[in-house]
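Heads up, the next two complexes both have subunit A, just with different partners, subunit B and then subunit C.
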Partner chain A sequence: MENSSIIRIEKLVKRFPVGRSEFTALNNVNLTIDRGEFLGLVGPSGSGKTTLLNIIGSLDTPSEGVVTVLDNSIASLSHKQSSKLRNRHIGFIFQTYNLLPVYTVYENVEFALLLQKLSSNARKKAVTDALEWVGLTDKIKSKPAMLSGGECQRVAIARSMVKRPEIVLADEPTANLDSKNSHHILQTMKSLNKELNTTFIFATHDEKVMQYLNRKVSLEDGQIVKDELMKNSKN
Partner chain B sequence: MIRFLLKGILRDRSRSLLPVIVVALGVFLTVFMSGWFQGIMGDMIDMNARFSSGHVKIMTRAYDENSGQAPLDLALLDVASLKKQLYVEYPDMEWVERIRSGGLLDVPDENGETRGQGPAMVTAIDLLSPESREVDRLNIPDAIVKGELPDQPGETLISDDFAEKFEVAIGDEVTLFGSTMNGSMMFYTFTVSGTIRFGNTLLDRGAIFIDIKDAQLAMDMEDGATEILGYFNNQPYIDEEAMALATSYNEKYSLEEDEFSPKMIRLAEAAGMADYLAIAENMVGMMVFIFIIAMSIVLWNTGLLGGLRRYSEFGVRLALGEEKKHIYRTTLWEAVLIGIIGSIVGTIFGLALSYRLQAHGVDFSGMMDNLGVMMPTVFRAVVTPSMYVVGFIPGVLATVMGSALAGFAIYKRKTAQLFNELEV
Partner chain C sequence: MLSLKLAFKNLLGAGLRTWLNVLALSFAFVLIIFYNGMIDGWNRQAQRDTAAWETGVGQFWHPAYDKYDPFTIEDSHAPISEDILKEIENKTLAPVLVSQATAYPQGRAMSVTLRGIDPEQEVLELPSSKLPQSDGIDYAIIGKSMAHSANLEVGDKLLLRWRDKNGTFDAREVEIADVFKCDVPSVDNGQVYIALSNLQEMLAMENEATLLVAGETFEMRELEGWDFKDNEFLLADLQAIIDSKKMGGSVLQGLLLIIALIAIFDTQVLSIFRRQKEIGTYIALGMTRAQVVGIFTVEGGAHSILAILLGAAYGIPLLLLLNKNGIGMGYAEDMAFDIPVAEAIFPYYSFRLILMTIMIVVVTATIVSYLPARKISKMKPTEALKGKLQ
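Coming up: the complex of A and B.
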């Protein structure tokens, strides 16, 4: 696949109202992300990582500037269009997994496809493939409560990957995992990144994640302070 | 998606069990109370119809205006020909004549001197004709405490309370004092064949039942009656039909200028019955309304608690590309589903209890000794076709309203704000 830029951010400013004044979470951010990157937004809490991730994921809109994701200007998308963008092209992985507790592993992964109105057979194949990628085919009937933290996060990865999105946004995906599970998860994501050319964008301050990144964008007080390519990343 | 939501509802008991129980309970109460209330009101109306007003009642216009005094001098005459005419014009009805009158019942001692006296409410009906259904209509066999039904002229049934008070035994003679239709004094001696108690003060206080022929003879009312009652054959009272009947009859026979011309009134027009009928008609609607409000408030709170528990689920669904209005809509569909399940459960239990109380009833006679209203002492439910569906109105409406209120925040919030609040 061609490694063209799929996310373009120009002069992005994001302000939140705080009482009668405003808090600037992102200030004049410029960033271009190519297809297939394994990129980390790093920085301390409050630096704007999650806000930037939410805007890229079309869950939020810029106050100023332009954010274009897969040729869609985030600011001009309607509710329906932004939902469709997330549904078809963007996967999310959360720090706390956020699996639906009453559903099985299979159903949790399948849920992402229900909104796409695929046939039952197509869904079954996609779910099985996704669970194979993360090595959980033997747990399809298990409920999240029966899984370890690492297994839960692998289910979350399968859920984000099952629709084969171009972009996966992961907010502190290893924060609740031990070292061994963190590396296992990161290796899984790295291999999917290579195999499917999926763009992974992390918001993290976990050193373990940084070891796997191809590119590290450092944020401080809502501004990009460093943007570096990581030549010695794992895998 | 529907199957997915259904699985969630079935597996997540906190999301389904409590709301289903609340709805089932509310629907159960709605259905049962509706059946029981309709049963009581129906029995009350039926009792009034049987004892007092018929489904329609014909009197002279003058008697109607003074009916509280039961004035014999304003009674109907030529009753036989009136009835014959009624049967020709309204063959689907049963017509019976009755005489109501007040009087004094005198109990003599062995010397023929007065041993005791008490006021008497005379009801004269056709007690002796083999084809008469009056005895069964008034349920007299079940009301007999001692003795038996009169089987020959000159016999009477008197109130058991009266008989006990004045120590009247079966076979004793009692004398009825009163006035004839012409205003002269009336004395007529009857033999007590039995005593009766209906369990209702209005009926039992000084009640004396005599055959209509005896009454006509005693009161100089040959071929006369204070009223002719009409009953729909084998069907309950229907106000629209009664109104049509009364209107057509009055247009034909009731003359403004002739106070002795007959006038037909329907049960709803008889004293106080219009109010009872209005209450009966409106009570079910009022109950449904009350249960909708009460259940909505409970289910609103249940929905809020459920919503709090499912915040992260909603957040994930937003992130996966589900529109917030779709999420809101699915919560409403879930509510409809829960409402239907709860309504089915509640309706089954409500109908079961109603059927049981329709068959057996609950005897409140011990608590109604001094009741001054003509109503039954055994309260029964009645199962009507509407009861199969009436519970679904509060059941489904309340769950949908509760969920709609609880989920309104989802619909109104901006996606970004909601996503942040959803703690994903």
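Coming up: the complex of A and C.
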């Protein structure tokens, strides 16, 4: 598979209004991410990890600078275009899973495909495949309230992967999980990364996640302070 | 379609809150149909009874006659032509001669209208055949309300005093031959029916009439010297009263609907307040803000669909039962309403009424759902994902 850069960030600045003044969450960030990377944005709380992740995921826009994701300049996308980008090419995994409570596991995973207007058969196959990847085929009729935290996060992974996106953005995916579940989740994501060449980007300060990363980008006060390749990562 | 599917899923997932709203809205839905159905049923019944007892399919009036102006009665009479006589013989027209008089039931004086009617007529349901003509006694028939107010019964004598064509006062005693039961106050209240030939003789108006009532078999045409008044004109007062009743009822229905809609509005506001994370997730998964607004709007609007289904489940049997058995109104002997009220009203639910009610319920529920849902379009997805209040 081709390992070309799919995310380019140049001189990114993000400011938020706080009362009458402004808070700079990201300051002059430059970063290039290649296809198939298993990358972590690490740093303490308030360092700008989630903000950077949100901008890459086109949930937010830069105040200054250029962010290009899959050849789309995030700042110039309309609401509709950014929705399309998220729906087709980007998967999200959240710390609190964000599963839709009234839907079953199957329906939660199927949701993203409904927006793509795929046929019922194509959806069924894709959902079954995704649930097989995360080992939850026996829970398809369960609702999120009936699942453990680890199972919920596996459903969230299946939901993010079902549309086979180029990029998966995971914001503190293991923060609510115990050690065993965290490793299980990370192994699942790592194997999907290898199998499908999906780019995974984590925002984390969990040491367990860092063991699996190929590349670690450290942020502090909105700036990249270190960008290192991890040669001894697990798997 | 996707919005609808998701909306129903969310709605049913919300459980009791949904069903309480749906129940309130379904009450409004069923009650609106019931009330309007009853008014429509009453309207139809009143129009049918008035046509059967008083107006036929229309009336030919003497040009001077105005039923709202008693001063015109004196001059409102004309001879019945040969042409018209043939129609009367064929029972397609019923002549009526009208005059004012004073009745003295048990010594009291009361104003009455004397109506001369052909005992042989078959145009109106009035039991004119109960007016014997040839045993030397003058007979009259009156309605139950008139009998009640004058304290008269069959066989009682009633003294009448009137002025004839020449302005001469005359008086005569008539015997009550029948007391009929009729729902139409204008046929009953203060009306005394006498055989046409008797009244013509009493008023010195031989072969004259004030108006001619046309029956269903009358081939509609102009009659020279007579003005035709159709039922739209003759029943205009009745229609106005029904319309005013409908208007009064619509205030009550509106209030009921508003209460149900406030419940939906409140649920929607609460829903958007509590489900910010879900809204953020929808957006993160690739839904446009407009689509999310659509989901929440359809979700609120879908209350109305469920309300219609629930309303249909208990409303159809109930309304059909009322339609079959009617709603007892009792017999108002004094006819205080001045509007035809049958002993039982049979509600009439037209397709238009049901369709309009469905439209009103669905459209209003959708609008009140859209108003709070608009807020979503201003939400920042990053804040929504955190569940932060915005």
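Operating definition for what follows: the second predicted complex is superposed on the first by the 235 of 235 C-alpha atoms of A that agree within 3 Å, B and C clash if a C-alpha of one lies under 4 Å from a C-alpha of the other, contacts with A are read in each partner's own complex, and residues count from 1 in each chain.
In this text, a contact is a pair of C-beta atoms (placed from the backbone, for glycine too) under 8 Å apart; a residue touches a chain by one contact, two chains touch by 3 or more.
Predicted model only: the values in this text are computed from it and were never measured.
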Ask   = Here subunit A is shared; do subunit B and subunit C fit on it together or clash?
value = clash
Task = Look at A:57 in the shared chain and tell me whether it touches subunit B only, subunit C only, both, or neither; answer first, second, both or neither.
result = both
Subunit C-contacting residues of subunit A that also contact subunit B = 54, 57, 59-60, 79-80, 83-84, 86-88, 92, 94, 96, 98, 100, 102-103, 107, 111-112, 114-115, 159
Remark   = The residues of subunit A that touch subunit B in their complex are 54, 57, 59-61, 79-80, 82-88, 90, 92, 94, 96, 98, 100, 102-103, 107, 110-112, 114-115, 159
Ask   = Of all residues in subunit B, which touch subunit A in the complex?
value = 1, 4, 7-8, 11-12, 312-313, 315-325, 415-416, 419-420, 424
Note = In the complex, the residues of subunit A that touch subunit C are 54, 57, 59-60, 79-80, 83-84, 86-88, 92, 94, 96, 98, 100-103, 107, 111-112, 114-115, 159
Residues of subunit C touching subunit A in the complex = 2, 5-6, 9-10, 12-14, 277-278, 280-281, 283-291, 380-382, 385
